[in-house]
Structures are given as structure tokens and as C-alpha cells.
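First chain A sits with chain B, and in the next complex the same chain sits with chain C.
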Partner chain A sequence: MLFELRDVHYVYMRGTPFAFEALTGLSLSIPANQTVALVGPTKAGKSTVVDLLAGLMKPGTGTILFEGTDITASSFNAERIRSTVGVVFQSPEAQIFEETVGKDVSFGPRRKKVPLAESRRLVQESLEAVGLSYEDFRTRYTYALSGGEKRRVAIAGVLALQPKVIIFDEPTAGLDPRGRRELLDLIVKLKQRHNLSVVYTSSSLEDVIELADIIHILNNGRLAFSGTPREILARVHELTELDIALPEAAQISLALREVFPTMRTDVLNLAELEEEIIKHAAEVQFIAPTKMDRETKAQ
Partner chain B sequence: MIELSRNITFGQYINNDSILTRLDPRTKLLSAVLLIFLFSYVSSFTALALCLLCCIFLQWNSHISISYVLRGFRFIVIFLSFLYILQVVFYYSLTQHTTLIWHWGIFTVSWEGVLRSTLTIIRILFLFYLASMLMFTTALVDLTDGSEALLSPLQKLGVPVNAMIMVLVIAFKFVPILVMEIERLIKAQAARGASFTRGNIAQRVTRFGSLLIPLFVSAFRRAEALTIAMEARCYAGGLRGWRRSKRREMRLQRFDILALVFIITFCVVTIIVNLVAPY
Partner chain C sequence: MLEVSNVTFSYSTHGEQNAPPALHEVNLSIPPGETVAIIGHNGSGKSTLAKLLAAILKPTTGLVQVDGLRTDASGEDIWKIRQRVGIVFQNPDDQLVASTVIDDIAFGPENLGLPRFEIEERVQETLALLELESYAHMGINDLSVGQKQQVAIAGVLAMRPHYLILDEPTTMISNHTARRLLETIYKLSQERGITVIHITHYMHEVTNFKRVIVMHEGHVLMDDTPTSVFARTDELQAVGLDVPMVTKLGWRLHQQGWTGLSEIILSIEELKANLCSSN
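Then we have the complex of A and B:
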């Protein structure tokens, strides 16, 4: 197991009148070399989990095991987790802080005291891995980049650290459909090429249904249920209760239940939906045209 | 590790429906101003003890936990102790006779110096307490409405009170936003290998320096967005004679008058005590 959370609690602004309990006894596990999605409505505690997994905060109570070692122990060195786990934060603006792309991407290697030539190679490789040309982007100002480019630069900055795990915190928020598609493809590509473990948080299932191996559904700082994408989609009613939007194909499938009551909702994509519809349509008898239909035809 | 907003309490409004939060903002502002003058004027320890009583009374009525209020003091205490040492060591009075306790080179510690500096520090602590209490118990909107109402005579003289208040409000409003921004930057840098909790003081300070440039950039960007938003909603603070109308009119209750009378009586008593008992 890469990560294992056991009964984790976290309170923000502890000891103030604004205290807010974000995690209320969360237990879940994240296996290595897989894509694990954390899905939940707002305030479910997703971003808190991200900060905990990245070693940026320590849990209030409960244990978090990272590759079998307890990170809450005082002897644990947070550097170990930070050199293995990279985070792409919710908004790329929060992530990019240097003036030029080259400087920003090389921030990690510089902090790690990587020699200059090596650092340059890392920056070049990382930029090219996210589909940005090194020569062109190295000297560009980060403030003048487009939304999609910023996200790519943010990912490159994380890749330059050569992590084994990358956490993506709602990376597609605010992107147009094309930018979203490209980003998801990029994540799949990076995972395969660098043999990464990926943790992906999202408030909707749309992004993760084809991407994830395992989906954990969070609600109110706790694990609601988890399973493979197919298992999750089968629990339509629980999902709607939690206000988690279904992916397009599953939504159509659910709506079609009015016509075909036995319709499955665990369809991952439109192709599967099509198959399902054809299968059901074959079972249904052809309904004879009514009088009104005949009249309109005659006209 | 990275939760600055927990420790920065200044400027937070706590709506706990205590008596102090329900007072009219004008009453609170007037009382605060009166008390600030009083606390700065008072010079005897007996009178200061009365001021302390006043603070305890306020604290008791505010229903805010003492530990939360004291948390805000943490930062200024470090700064004040530094000031205190400087003031004691370099105290020099032309008119007063000074009794030396200790001296080494240009550094001298005199009995009068210690006394004077202690008084100053106590005063600053009181003033900080008053200011933070005013913020804890008054919403920003009320604070502006109140100060605008109190300063409206100046507007007639051509002083741009409206605009000045707006500037103040925005400045206060930006404090928690900038704190959150720093938190985000620390997180982003820590996630990529920067460490803010290790190393000696000099190393830590330089690391915090690397937060300043992105912080300023984002602050300017926010300011720009705010200007556009204000212009889009027809804000015209610079125009002469322009006044924003209010949806909610403030009315002084009997309770407000009572509170004011109480504060004024307290001020008079303390001034008398201060005159009668010089120590």
C-alpha cells in the first residue's frame, strides 16, 4: 500500500471561534501504481486529504501510513514524502510563483541542489513531457500564459522533481472541454511513461470514470463508499443523494430507465451506452402506431 | 504546520451575539476613541489598574475566549519586548533627575527609564487590546457605516471621507486574503522542496523573502480586479457631493446611550484617580 489512512481527523482553525472539522474519521487506502480518484461534493475534505498526503500538514488524530511508515511519528522525516509525492494544486495560479517558466520549473531541482546541467535537462524533459517546447517557453513570463499553458507548466514543475506519485487536485476546474480532454490524455500518458501512481480529486465523476482504477467517494470528511468505476456507477441512488453528478452516459442511461426499467447505469462511455440501448431495444416489442400517427402520415 | 490564519486574529469579526456585537457601531467607535484617549493620557499605575478592570469587563461581555484574544498578542509581544529593551537602555531625560541602576558604555539603565518604558508598553498593549476588541465585535460593514456617520461633518468641509473610509475598508479586507495567499504560496513552495520550518533564522527569513514577490504580484492583480468590479458597479468615490445611500439605517437604542454614559463616567473617574494618585 502506498498510503493508508486510519480514522483521520483534521480541524482547521483549532482553538478559535472559527474551528471547522474537515475530516471526521476518514479511513481509506491508496495502492501504488494505480490511479485512485477521490470524489465528493464541496466541503467533503478532498483538499485536506491532498495536503495530508503531500506531507504539508499532519493529521489532528489518527494515523497515516506512507509505504508502511507512520508519518505522524515525530521521527518521520517529511522530506521523504515530499521527494516522492508531487502535487498539482487546484488553481495553477497558486502553484506558479516565479517570473519565468524556466525558473519556475527549475525551482524544485534547485531546492534539491541538483547540478546545473542536470537541472537544465530535467526542465527540458519536463516541459517537453507536457507538450511545451523548451526553447520557446523557457524565457516566457508565467503571468502571460494561458490557462491551459499554466496548468501544463505547473505539471512540468512537479515532474522536474521526479516524483513517484502525483496528486492532482481538481485539475480540470475552469478548463474548456478541449483543454480538459487534453489534460486528461496528458495524465494518462504521463502515468504510463513515468510509471507513476496518480491520485486525482474531483467533484464530479465525469473526469475520473475512465481514468481511475479505484474511486473513493467522500462525504462530510468521511469515506462514503469505494469501488471500481463500474461498482460506483451501479450505486446511482446513493450518488444522487450525495449530490455527485453522474457522467453523461450514466445520466442518459438513468433517464432511459423510464422506457427500459432494467437498463444498467454502470456504462462507462457512450459506446457502452449504445450497446446497452441496442440490447434493450431488441427486447422491446414494436408498438402499433396510434390513430393520430396515421392521420399525420396521411397528410 | 502551515496555518497562519489560525494565529493571525487581528481584524476578524466574531459574530456570537454578545452585548458588544449588538451595540450600535457609532457607540462602539466613540467609546473606543474615548478609551484610546484615556489610556494614552493615564500615567499612574492605580489608574492603569482601573483600565485593566475596564478591559476585563469588556472581555467578560464579549464572550470571546481569552486564549483566542491572547493569541493575537503573541506577535506584537516579541516586537514590544525588543522596543522595551531599546527604550530602557537608551532612556535619557533632560528635565528629570535620573537614578542610575546599571551602566556599561553608552548603555544605561535608570529607575525612571524602567518606569517610563513599562508604562509605555502597558499603554500599547491596552491600545492593541481595544483595537482588536473593536474588530472582534464589529462587522466591517458596520465599522465603515459607523465611521462614515461620525465623520460626515468633515465631508461638508470638503474632506473626502467616503473615499478614505473605502480605502481603509479595502485595506482591512485584504489582510485575511493576503494571509490565505501566503498560505497557498508556502504550500506550493513546500510541496516542491522548500522548507520553512528548518534552518537558522537567517535562512528562514530569506526563504520568506521568496514569498514576497509573488505575493505582491497577486495583490496587484487582485487590486486590479477589484477596481474593475467597483467601476462596473458605478462606484464614484472621487466625485464631489456623491454619497452612497444606505439600505439599513442605524438607530441609537436606549442601551447605546447607557453604554456611552457609562464610558464617559468611567473616563472622568479614571482621570480624577489619575490626578489624585500619581503612582
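Then we have the complex of A and C:
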């Protein structure tokens, strides 16, 4: 197991009138080499989990095991997490601070005192892995990049550290539909090519339903339930109660239950949805509406 | 009436000639009371158009007029335009100025030099309209992005604009909050007769609008009803946009012989109604 959280509590501003308990006994497992999604409404504790997994904070109480070792133990060397786990933070453009793309992506390797030739190779490979040409982008000013390019540069900066795990904290927020599609495709490609473990947080299921192997639904700082995308979609009522938006296909099938009461809601995409509708139309001897029906109705 | 006549706008300064203009010979007119959605991918010119309508930018060539007032005028006319046209930016942090919700909403009316009782009346009215009463005394920094966006809109509405421009107000907030925000905006247009110009890159947000303008590379590519725009799926996909899944589903069922379904379905409700009425 890559990470294992057991009864983790975390309180921000403990001991002040502003104290806020973000995690209230969270237990969950994150296996290696999979894409694991953490989904929940605002204040569910997603970003707190990200900071804990990245080794940036330690839990108040409870245990976090990283590859079997307790990270809360005083003997634990946080360097171990930091050299294995890379984080692409929410609005990743905020983690770009150097003047040029080349300098920004090479920041990590330089800090790790990687020899220059090796560092240059890492920068080139990382930029090309995110679809940016090294020759074109190396000398570009970071402030003049588009939103989508900034995200790619931030990811390249993380890749240059050769992590085994990458955490993406709501990475598609603020991107247009094309930028979102391209980023999701990139994550799939990177995971395969670099044999990564991916942790992905999101406030909706839309992004993760075709991406994740396992989805953990968080609410009020603890685990509500977990499952494969299909298992999660079968629990529409619980999701609605938690105010978690369903993916488009599931939304449509849920609404169509008024016409076809036994419609499945665990459809992952348009093709499955269409198949389900046609199947139900046949079962309940629903006559597919034809032009003549509509004209007779209109009279 | 908002009128855009033969407008070209370029961000490059006088020395640079090679940068393509952000808008190229755009003509539009938006009559009072209309609800218009402007859609396009990043870099299509939609935000530039919004800023030109709000007189934040002035056209490089051509003319933008608000109720007959030119946005390239100065002095008195610009003040009148600013009172008539309100704009809400993508990131609410760019326009919230005070430290509490109530102070922020009062900021506009105060600067219009209104008497105290009227400022209070407008603040209360706007709080009620956006259902923000319970947040009235909260600090801006304690709000979520979605709540901040509501406060930004409230601040603009308290100035009682005739035209409300929303520049991608939903990109930073969750789907659920976005849906509620759009419902509020729709309600405002219906109840108050405010002209709403909603800028977005999400097709599913435009279905309630009377008119949809599709921008591409600085040009107006389409200007029509949602139904007519959604019928041109291939062209939309070619410019990086996409129609909602329910529209694709309706189209696919229609192709398979369910000819009693409308060819173009805009929303889940419409699909449901179409299916129910035929059985």
C-alpha cells in the first residue's frame, strides 16, 4: 500500500476561536500504481489530505503509513516523501516563480544538485512529456504563457523531480473544455509512460469517472464511501445528498427514470447511456417516438 | 441599446503591427431586455468584447455605443455609461474592495453619492435578491469563491445597471454553485428586465438565453437562437466548443429512427418531456 490513513484528525488554528476541524477521523487506503480520486464538496477535507500526503503537514492525531512506515514517528525522514511525491497544486500557475520556463522547470533538479547535463536532459524530457517543445519554450517568459501552458509548465516542474507519485489538486478548475480534455489525456499518458501512481482531487465526478480506478468520497473530514467508478455511480441518492454533482451521462439516466423506472445510473459515457435507453425502450415496450406520433399528438 | 459598429481592437501598441487583432470588424446590436450568451474558447475575443461594451477598453477603430453614448467619449458621458453598464469579472477577488459583505455592496451606491437611507435600502434589497442576508456581516476573506462571486454581482446590482455583463463568472466555482448562480441571473433578467450578457465557454450554460453569439478568432461566427446554434455541432467542435451530452444523445436517437424526438434537444428536461409526450 502506498498510503494508509487511519483515524486521522486535523485541526487548523487549534486553540483559537477560529479553530476548524478539517479532518474528523479519516481512514482510507491509496494503493500504488493506480489512479485514486478523492471527491467531495467544498470543506470535505480534500486539500488537507493533499498537504498531509505531500508531507507538508503532520496529522493532529491518527496514523499515516507511507509504504508501510509511520510518517508521524519522529524518526521518519520527510525527505523520503518529498523525493517520491510530487504535487500539482490547485491553480498550478501559482507554483511557477522563475523568469523563464527553462529556469522554472530546472529549479527542482538544481536544488537537488543534479549535474548540469543531467538537469538539462530532465528539463527537456519533462517539457516534451507535457507537450511543450524544449527549443520553443526553454527561453519563454513564464508571465506570458497562457493558462493551459502554465499548467503544463507546472507539471513539467514536478516531473523533473522524477516522482513516483503525482498528486493533482483540482487540476482542471478554470480551464476551458478543450484545455480540460487535453489535461486529462495528458495525465493518462504520463501515468502510463512513467509508471506513476496518481492521486486526483475533484469536487465533481465528471473528471474522474473515466480516469480513476478507485474513488473515495469524502464528506465533513471523513470517508463517506469508496468504490470503483461504477460502484460509486450506483449510489446516486447518497451522492445527491452530499451535494456532489453527477457526471452528465448519470444525470441524464437518473432523470430518465421518470420514463424508464429501472434505468441504471452507473453509465460511464454516452455510448453506455444510449445502449441503456434503447434496452429499456425495448423492455417496457416503449414505442420509440416517431414523427407520426408527434403529429397525431399535435392535432 | 448596445451597439458595436465595425469594431476592430488590437492589444498591440503602435510600434507592433504583426499581432493579429483580438477583435476584427465586429458588428452587433443588443436591444434592452435581451438575454445574450457569448461563447468561445480562450482567445476567441469574448472577454475583449465584454470590456469594450463596458467602456473599459476603447475600440482601435469603429464605434461602441451605449444608449447612443460613445464609449470613446470622455467626462460626463463615460460616467453615464458606467452607471448603465455593470460588469462582473471572472475572479471576484479582482473587484471586491471592502472587508465585509455589506460594506462591499454599499461601495458602489456610496460612490454614486446617494443619500444614506437609499444606500441602506439598496444594500438590503440586493442582499435579499441574491439570498445573501445571512452573510451580510461576514468578512470577504471568510467566503468561498462562489459566495464571493455572488457578492461581486450584488455589488454591481446595487448600482442598478441597465446592462449586466458577466465575464466567465462560473469558471472558478463548482458546477452546483454555477447552476444556482445562473438561475439567479435568469430570474433577474425576467423580474427586473435587466439586459444580461453572459460570457462563458460552457455550452450547457447558454440554453436559457434568447440569443447565443459564438466568437472565434475575433469574429462573430454565429449569432442565433440556442437551438439553431446547437444544430451546428460539427462547426462548434471545430472551434474547440462542444454541445451538451443530452443534445448528442437526442441527435443519435433521432438518427436511429426516433424521429418523434426533436432533432435538437437543449436540456435534460426537454428530452424527458419529448419522451413522455410520445408514450
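Everything below uses one rule, namely that the second predicted complex is superposed on the first by the 285 of 299 C-alpha atoms of A that agree within 3 Å, B and C clash if a C-alpha of one lies under 4 Å from a C-alpha of the other, contacts with A are read in each partner's own complex, and residues count from 1 in each chain.
Note that in this section a residue touches a chain if its C-beta (ideal position, glycine included) is under 8 Å from a C-beta of that chain, and two chains touch if they have at least 3 such contacts.
No experiment lies behind these values; they were computed from the predicted model shown.
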I'd like to know which partner A:Tyr141 touches here: chain B for first, chain C for second, both or neither. neither
Classify the contacts of A:Leu256 with the two partner chains as first (chain B alone), second (chain C alone), both, or neither. second
Return first, second, both or neither, reflecting whether A:Met13 touches chain B, chain C, both chains, or no partner chain. first
On the A-aligned overlay, A:Ser203 touches which partner chain: chain B = first, chain C = second, or both, or neither? second
Scan A:Ala245 for contacts with chain B and chain C and give back first, second, both or neither. second
Contacts of A:Ile277 with chain B and chain C, given as first, second, both or neither: second
Partner chain in contact with A:Gly174 - chain B first, chain C second, else both or neither: second
Going through chain A, the residues touched by chain B and also by chain C turn out to be none
Can you check the complex and tell me which residues of chain A touch chain B? 12-18, 51, 54, 56-58, 79, 82-83, 86-87, 89, 93-99, 107-108, 111-112, 143, 157-158, 161
Residues on chain C engaged by chain A in the complex (per definition of touch): 41-43, 144, 146, 171-172, 174-176, 201-202, 240-242, 244-246, 248-249, 252-253, 256-261, 268-269, 271-272, 274-279
Touching residues (chain side chain A, partner chain C) in the complex: 41-42, 146-148, 173-174, 176-179, 203-204, 206, 243, 245, 248-249, 251-252, 255-256, 258-259, 270, 273-274, 277-278, 286-294, 297
Which chain B residues qualify as touching chain A in the complex? 1-3, 5-6, 9, 12, 14, 16, 64-65, 67-68, 71, 184-185, 187-195, 210-211, 213-214, 217-218
